[in-house]
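Before anything else, here is the set of structures, which you'll find just below.
First subunit A sits with subunit B, and in the next complex the same chain sits with subunit C.
Right, the complex of A and B next:
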């Protein structure tokens, strides 16, 4: 299965992937609308910055996903290798936040549910917005 | 192959999924003493508090049994395990080649003087138990909860959403002693008390009258509804009576096999191995139950699998304040706290490893800490200052990042 991979040698820490991700999943249709009026949609990808090292982190869609196995409601599930969350069934207990070894489950702005990368399958973006938007090719969608 | 599973919660469902990964044909029969499609037990407090609908109580989709070709015997109790059959309460015998005991636990009710005089007394364990409470509770009902642990305080939170007047009494001198230390307990206690829930510690009930409790500290608490949430005990009787080894819970090996041939056990009824302390204990946690069940199912279907790296861990919130805790608190401590902002963080180190943590308030990315405990990643391999700052992938060496995030293997 194709997954999103990052190459930390090429990451510029521009954070564009975070903006593209947040906008794509906001349902607003465009970057401008997504961030209009001080709204702060939350990205499901996170750029970590260090001294000379930067990289983006997002869901690894693990083969043995601790988040899905631990989910107390059944809101998290795997379909065709992609892990997604049915937010209508999430109660915001954060068991998945406790379980994810990469810190890739994010908490919604009002803390009521969790959100996560689903490879942009639900938002009709066509391909992952972070991959499409990365100006330096540091984030790729590949079979490895 | 004939599989029988006793129980219908997380461990049982894990068992079904584990079996069906490799065996699509074998007959699976679930025996449950409840009348419901598999539901999530931890959601009962959310349901009582009006946060989860009936429809969202179910742990798996309504087609789960059909899709997995599982026959379910509802409202049936397994009474006896024999060599290759289970006897049910209607006298029927179910033959099995492989059996999974996923019987969970039951509320523990300590002997308390006068308890038998209390008509409106409840436990907090099943959907039926909270349905019974919901029928009785009204706005400003006086509710007394015995037990300030995870179950008692989750019950209190639900009743708070129903505008009940709540008093929680516990023998211990602090709340949530199983998961919080003294300082974190104080922050949570204040948070809950600020919402109007009364907490009385270092006290127990000397004697009950039908609608009041006289406490050992001299106070008397009147109530309309009593909830006993002191603790739980594993349901081990079936295995014990069949001659299987039982200590604090059912003993299994790391394939979840009991000491009885072809009989597996998983979930809250079993003893787990806590790898953070290298000791055996009951880990009554839903993720643990599901994963044990899944491992049991794989082995029952002939695919060897081992359950390892279990630790105590809890992600839970009370009255809107979140906590995530994991591992053991025995070791060298690093703490950061800001009680005014309800923020608390404790990291515990021992033997060159992260052994445990408490995060309150800001719990983001806690799983990175959990992975360090479970995988026993040496502190020598991480940037300790970054570790203390917050959970982040940056604290690991490049090799782990390139492997985990880049999908490649490199030499450091």
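Right, the complex of A and C next:
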């Protein structure tokens, strides 16, 4: 299965992936609209930086996902290797937030549910927005 | 300073309706133009520092930025232009020599744009390059005068060493130091994939790049940086740099601050020392001296590699080229006054040298007149901007061209001409690790390969239109060229007729 991988050699810590991610999943249709009026949609990817090394982190779509195992309502599930969240079932207990070893699960703006990377399968982006938007090929979607 | 004698050249314009305050521009501008004011939740810009490299414009996710010329003008004066006045103010402030980068930007004539190509009509029909074979392969080096036979009647194929190019384009000399390691890697990998050559420049060859040796031209310049046995052996050809189009008669100076560990090892000089290339080679004061160096290098490489001598196009270039052809060199590279550089005194860059088109035409003619054209190949450089320029250069007599600026453009350079500051926002003319990173060679080399493939297609199409099916047949074919808007003298030097003739 194709997964998103990051290459810290080329990450510039420009944080654009975060913005492309947030906009793609905001449902607003455009970057400007997503952030209009001071809105701050939350990205599902986070750039870690410092000491000259930067990289973006998002869900690793683990083979043995701790988040899915821990989910108390079955909101998180694995389908074709992609782990996604059924927000209608999430009760906002944050068990998964605490169990993800990579810290890749974020909390929605109104704190009611969790949000996570689902490789842009649910939005209309077609391919992961971070991969498409990264200016330096530091995030790739590939089979390994 | 309380009084700003001169004003910023550009104005950074941010469309606040579009800006989402992502701060990407702030993070990507090494000139620290953009900043975010948390208190007022607003992005602000300091246009004074902007060099118009277009990096922020290119990465802004909402297209919120425009860099415009500062509309502020000094009182109009055709003699004392704003630029000249600004330069006087700057020098009055600093007391220093003005430095610039990249090629001469002044409004001198561009002869490529005053030359038109021919096409076949009715007789000698055009050739469709997609249906019929079309050869862009060329060999650079000495060409034997006649065919020699062995005693048993077979052809003696013992030829002087040559360079084989899949298309008549090479990447010109840009040293590691003046450009980044990632830029070098992009050039080296592209040359290898394309079956052409890139040139180390005078900065030596980084140990990681020896593997690209078969597609590398190694340069020996007046500073002799990084020259030793393995270096000479690594390359496919050795180039002696006598001059550079951007700064004829001037040496080079890479400040000690840029001589970091890797560069110091590659150049074989201590870390932090200035790398000074003298203006002359201290052992070359005549063609005889040059001949000695040519043959020392041939001897050192067992006569297996062609030797290139590179000169700047200056006033008596034809006579100089004739001397070089007689010095034993296999290839002459001529660099026109529009050639690029990482740093040159502005006055030299803008006022010294001659156009490559004229230099090429007169050198080719002179070597033909003297019957020694086959002794050397001619490679021209100094602003070859498109495949049309390549075709015109070949028809004027060149065997191949060197491209430098066009290659850097493919890598992202936007010709802000601030290379000398070492803060290239595109990761090209810099050694700052965070900036070098911005040029990912995996992306860079593919863009170079695309560029040359595109040019190769266009060259074939233009040749096909003329009914010519190989670069060999186009070379020196000045009947395929006509001038427009040129004087008798210019046409005479170019050796072409005027359009309509």
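Here, the second predicted complex is superposed on the first by the 144 of 144 C-alpha atoms of A that agree within 3 Å, B and C clash if a C-alpha of one lies under 4 Å from a C-alpha of the other, contacts with A are read in each partner's own complex, and residues count from 1 in each chain.
Quick note on the criterion: a contact is a pair of C-beta atoms (placed from the backbone, for glycine too) under 8 Å apart; a residue touches a chain by one contact, two chains touch by 3 or more.
Computed from a prediction, not measured in an experiment: that's the story for all the values here.
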Contacts of A:3 with subunit B and subunit C, given as first, second, both or neither: first
Partner chain(s) touched by A:109 [first = subunit B, second = subunit C, both, neither]: neither
First, second, both or neither for A:127, with subunit B first and subunit C second: neither
A:98 touches, of subunit B and subunit C: first, second, both or neither? first
Subunit A-facing residues of subunit B, complex: 14, 40, 42-43, 46, 51-52, 56, 58-61, 286-287, 290-291, 294, 313-317, 320, 322, 324, 326, 363-368, 370-371, 375, 391-394, 398, 401-402, 404-408
Residue ranges of subunit A touching subunit C (in the complex, touch as defined): 9-10, 12-16, 19-20, 23, 31-32, 34-35, 38, 52, 133, 135-138
Complex interface listing, subunit A residues touching subunit B: 3, 5-8, 48, 50, 53, 55, 57, 60, 66, 69-70, 72-74, 88-89, 91-103, 105-107, 111, 142, 144
For the subunit C and subunit A complex, residues of the former touching the latter: 17-18, 20-24, 27-28, 41, 58-59, 61-62, 433-434, 437-438, 440, 442-443
